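The structure is given below, and queries will be raised subsequently.
In this document, chain identifiers A, B, C and D correspond to the written order of the chains, with residue numbering beginning at 1 in each.
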Amino acid sequence: MATRASNLQLTSLRDRFDSVRALTRNIAAPLSDADATLQPSPDASPAKWHLAHTSWFFETFVLRDHVAGYRPHDERWAYLFNSYYDGEGARHPRAKRGMLSRPSLGEILDYRSHVEEAVLNAFLLLPAPALDLLELGLHHEQQHQELMLTDLLATFAENPLGIALWPRQEAGPDAAESMGCARFAGGTVEIGHRGLGFAFDCETPRHQVLLRPFELADRAVTNGEWIRFIEAGGYQKPGHWTADGWEWVKRCDIRAPLYWDGGSDGDYVRYGLDGLHPVDPAEPVAHVSWYEADAFARWAGARLPTEAEWEAAAAGCDPLEGNQLDSAAAVRPRPAHGQARLKQMFGDVWEWTSSPFSPYPGFRAAEGTVGEYNGKFMVNQFVLRGGSCATPRGHARASYRNFFYPHQRWQFCGLRLARDI
Amino acid sequence: MATRASNLQLTSLRDRFDSVRALTRNIAAPLSDADATLQPSPDASPAKWHLAHTSWFFETFVLRDHVAGYRPHDERWAYLFNSYYDGEGARHPRAKRGMLSRPSLGEILDYRSHVEEAVLNAFLLLPAPALDLLELGLHHEQQHQELMLTDLLATFAENPLGIALWPRQEAGPDAAESMGCARFAGGTVEIGHRGLGFAFDCETPRHQVLLRPFELADRAVTNGEWIRFIEAGGYQKPGHWTADGWEWVKRCDIRAPLYWDGGSDGDYVRYGLDGLHPVDPAEPVAHVSWYEADAFARWAGARLPTEAEWEAAAAGCDPLEGNQLDSAAAVRPRPAHGQARLKQMFGDVWEWTSSPFSPYPGFRAAEGTVGEYNGKFMVNQFVLRGGSCATPRGHARASYRNFFYPHQRWQFCGLRLARDI
Amino acid sequence: MATRASNLQLTSLRDRFDSVRALTRNIAAPLSDADATLQPSPDASPAKWHLAHTSWFFETFVLRDHVAGYRPHDERWAYLFNSYYDGEGARHPRAKRGMLSRPSLGEILDYRSHVEEAVLNAFLLLPAPALDLLELGLHHEQQHQELMLTDLLATFAENPLGIALWPRQEAGPDAAESMGCARFAGGTVEIGHRGLGFAFDCETPRHQVLLRPFELADRAVTNGEWIRFIEAGGYQKPGHWTADGWEWVKRCDIRAPLYWDGGSDGDYVRYGLDGLHPVDPAEPVAHVSWYEADAFARWAGARLPTEAEWEAAAAGCDPLEGNQLDSAAAVRPRPAHGQARLKQMFGDVWEWTSSPFSPYPGFRAAEGTVGEYNGKFMVNQFVLRGGSCATPRGHARASYRNFFYPHQRWQFCGLRLARDI
Amino acid sequence: MATRASNLQLTSLRDRFDSVRALTRNIAAPLSDADATLQPSPDASPAKWHLAHTSWFFETFVLRDHVAGYRPHDERWAYLFNSYYDGEGARHPRAKRGMLSRPSLGEILDYRSHVEEAVLNAFLLLPAPALDLLELGLHHEQQHQELMLTDLLATFAENPLGIALWPRQEAGPDAAESMGCARFAGGTVEIGHRGLGFAFDCETPRHQVLLRPFELADRAVTNGEWIRFIEAGGYQKPGHWTADGWEWVKRCDIRAPLYWDGGSDGDYVRYGLDGLHPVDPAEPVAHVSWYEADAFARWAGARLPTEAEWEAAAAGCDPLEGNQLDSAAAVRPRPAHGQARLKQMFGDVWEWTSSPFSPYPGFRAAEGTVGEYNGKFMVNQFVLRGGSCATPRGHARASYRNFFYPHQRWQFCGLRLARDI
């Protein structure tokens, strides 16, 4: 989109701006001012903060930088709602985001309207770089939609009243299909963004990698399979674990996926956005860390796929399909079904890969503040692929690289097994 | 009040129940749901929690235990709003009180009304022990009124927007009167509660102590005097400090009272319930820890008084006078004025004493859960005397023993100097 | 000793200098260089450090300050072996004392000889203030003799090989005598140092206190009694504990006195300077914290004595009697025996009192660096009385105030019960 | 070596056993018992522990498992000297290795002799698997030789006396040659162990990787270049750093490589095994973390090489050349010299690569306890290549993968710059 966009492109962009902004607002709909203010951990953020930060992004990089005469809604708020852009100056400490009862949820929603109005007013006159930043801002906001859901889940999980933020959605099939696998011949493949449509900088440059023959499970690991791991002593035997993973299990007294409770007699319950419910054995396991995923795979005589294997395998899958986020609701992973060779590649759960999040060969961060987007996080994290039930439909793609630290598990993260052939 | 109360006493109790409950509600008036939900530190509590806990106290010890057929407003809330009574079973961890966006402020206010109605309905039939507990509950609630104000101050101090929760109140005199002192002959004196009117268990039994001759400053130490301490290097010279105090200064990088900022050129500002304002040199210094108060006294060639000295000296002062809490407002300590031999003995700032909080000779904790009230805290804390600008008028008395850890300073705590003669 | 000492006094001082220094050396006799280097915790110090620090004390305050032409053994060592005297400049961090393999034990012993020789050479010419400091240095060194033993115990307790630093000493009586008690009328008593002979500054000034009638157990609490406390669930019931004590029990998973192990079926073993042995029910319990002592007393329907009660009761006891340190050996508390009205008041175990360590009325710290000796520690600690099996005979006296934090228990600290009458 | 070894191979193995064991002993020669006992941090170990652990390795995996009738030197020592092999049962906590003054250095040296004698006695009868384990044990012991040196450096760096463990060695050239670079065409290359001679499991399987054209600096970055980075504000500007690296710099107040001091006016000194000396600008920088190396490279407009690039480039270099460990001495990195296309590829400093330590495609951990050797550490660490001045000559090879966490820097770790072409 380096040159002037066509009218059709502009109309599409504007439509997406409307719909993305509306979905964010809808996610906030059931929240009280207090709900939207809490921060469950330094890793997560208050809903109010997500609402404001995504607006600050447009206000700063589109309106302030590209719209003459724009005056910020409140000059003091840049300090509050900058996330991690050192180039944008001092900011409120991340771990203190949950101490801001003011501005209120209502004021933040007004801020959103103010920014939206200003963007729409300026829309037809925005220069090409501003349109690129607008596009970036929409993908950025979609990321925060997913984070809003997972951070709200973490927040309400702290409340002993077992609150259901949205009603429970209808159940899926009773049982998971047995796990099959698909074989891949390996060889030289290309991964990374093709250059059509939007991608984040970390997905580039597209490049060749050599793969050995491998097989990939045709669906994600289920809760039922995870319960077998627990019952086989998976959390008690160091031999399944990396040294760091085992240290984490002991120090944090980990015995099950996050949000699970109970378990004597295997009758686990889990807390979700729909409140407390029995663990469904047919659903994909979610809220497991890389340490756990890696240990499970070793226990199962398998391994995690590399991100290149995953991307090569996903070439034939449609990223618009699957259980992804379409509207504000109590999303949850659903049992695999259908006849596809590979099921659940997109949606349901982010799939941990064995690949550390590193720059692709030839990677260059963008110039300027926006260049802080991904590059500076390329250490100590692992890549996840495929999107989850909380990922807005249309946001994920085969080359998409999500990343988290190996102990983190408040996202909808699960796994799919791989093996050498 | 061990026997049946007279009608007059009953009417007075009922009036006080009305007025105490109303003041608590008024303190909450400017708060949004989010304001009332935040917890600034594990030492402090959300306003909503104070509102609920003080109601839980009446619900549990008066209604549940003494009113046949009373059904709790919500059975799950005892877990949430018990403070520290081990005898009342499991409770929500103190450090997690700030993670409860539900129940909402509105629901908590409904709870208050429900409890008030039930108490008033049962009032004429309450047995004598229940009336004693009602009396205890009112004093308990007054303590929480002060904590609400100081915890709100701590909460809003985290917000960089410098919010004024209430408007600034009219200023006091321009300058502090010079510090004089009153002399006391010592000898055998009696301290502790006399047995007329209400007192907490820790104020008993009344007993004799031997005092040596001493003198006591006729007013509290001011901000202006504290600035001189800072400018004389008070926070840089270990010789003024106890070993633990010095370790605290170094570890926490303490350079001024809590809520102070600035200070190059001595132009300090301080954050208060009325927002950000220049430090007034004439006002008593507040928000200093015992470590700081002790070091200041040593620097000044003086010492802190013992609690017995303070109480003996206060015998001639009226606990109903002074700058205390009468209504919800941006309270702050005010400059001393007047002709009294001892000024500011009640109100303005709690005064640190040199006395560790220990049981009086012959002290016995009450039987049952209510016996956990004070006794179990009699270690590692120091006694403060006299009440502050945030103490509800009528709550303090000469024998009143407040107590905090020597590093704590989010209360309105200051000091008055003493010397041996 | 403010004026010139008599020849007799000088001879006595010199003899004591010889014998105190010899005992320190003897305690170090079984130690390897490595044994003497280790530091088991930041609270404790390596034996080598004790050996050097006690010599640095004489070198600095006697030789450097009062002997013309004295040159320090090694100028760099003042930095290493100053303990906590801020007036003496920068010093090696306390928590890093265990990282000094050099100077070696041999070099430190040479340093001791060097200092001793210089002191003895200058002895007859020392001015009166230097003799006072020499006297102070001897009492200081006796304190470190006890610390050497308890720090060595803590060090070797970290070694799983169960090493006996000295051979086991012959056993005491088979059973403890049943606990009786002595009654005291109270009234006005005097406590504090009388002014004859040496005392630390914190024992002064002597002053009057008012006591109520009380009774005091005629011996210390035994291991057998402590096992009954454990078996009665003493460590499981919060009602016995102060709030801080209970928090400590939970956080540190405390289940028995320090150095005890085992305990299913009550067959406890304990590690001592004589290696691993079964717990002897007749011996006084040692290595319990103030939190534990206070909880035990409450469980037993009693309380800890105040330090004034203890001192008043000890008036008739001989501080030179009892199980105290006479020579380097595997000291341990021994069962009470004999016909005395009060047994074990001196020796066996330091007895926790209910008194926080605070300045006596009128207390003034000495001028100069030596004035840091005790005053700056008068916060957050509790007073213990009477000396232990590791206290050098002649060091303790009725007015002696030892002090430790309420969670500390690596000293030989136990308790004696008191009750109001 | 799966089949019976030839006599020539046996003789060579025996000679190497003699010489490797002798070098370890020589490294310990200047140590006192106390020197050998200290542990400077949980990451490092006491010299005594290294001496014992390397002997325990032979005792356990060779003598116990393959020599009939062998009785362990002391049955209690397996608990003390197992490092991290969960398969070998419980072990002394790593962080407590520095609390073992017993067994003494002398006893440990006796243990070494005992094990050596038993190995040599059994040598001619050892079955092939035992010879493989013996070979493994020698490489294992060489790793610990390097760790002994770096752990001793860390230990003595804690001692303010600035002790030189060995005399300073003669200086190198006065100035570093200017940095040039070598170009590589990329394409498909093979990396990993070829299968001739010994390698650790993590170097296998050999496999193909695709490389893009790149250039590699012809020598390591020097101290002089690092000082320019410091003076350019390298430690003050977040733009050079990964987010985690910047957090580490701020939290730990990092301002220079480890063991450097001073620096106002650029006159840095550094502590080494030869004591305190001025930083030599011509020597390679050592003791920098991955975070620092990565930031430096970004500042220099370059990047770290991948491990595959490094290994491909090293194909033409002789791993037996360079500044490596030949005898116990105050090793230090030396200025580059000579005409080679790539200098310092082996020896001087381990070179951080941009590659996380991950399993090679098709990697399988060995069966049994020895399989814990490397596989369980394949998370959160980065690969370093090439060996250092403290690596025993003959230990390194082109395929060798060393690994440390990105914040660790007590090894001799430096960097070499790379760039895309």
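Basically, contacts are C-beta pairs under 8 Å (C-beta built on N, C-alpha and C of every residue); 3 or more make two chains touch, one makes a residue touch a chain.
Owing to the predicted nature of the structure, the values given are computational and were not obtained by experimental measurement.
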Euclidean distance of C-alpha centroids - chain A vs chain B, Å: 47
Chain A and chain C: spacing of chain centres that average the CA atoms, whole Å: 60
Centre-to-centre distance between chain C and chain B (centres being mean Cα positions), rounded to whole Å: 38
Per-residue overlap in chain C, given as positions that touch at least 2 other chains: none
Category of the chain touch graph - line, ring, star, complete, other: ring
Pairwise chain contacts under the document criterion: A-B, A-D, B-C, C-D
Residue ranges of chain B in contact with chain C within the complex: 84, 86-87, 188, 207-212, 238-239, 241-246, 290-291, 294, 306, 354-356, 358-359, 361-362, 376-380, 406, 420
In the complex with chain B, residue positions of chain A that touch it: 32-38, 40, 76, 79-80, 92, 96, 98-105, 155, 158-161, 163
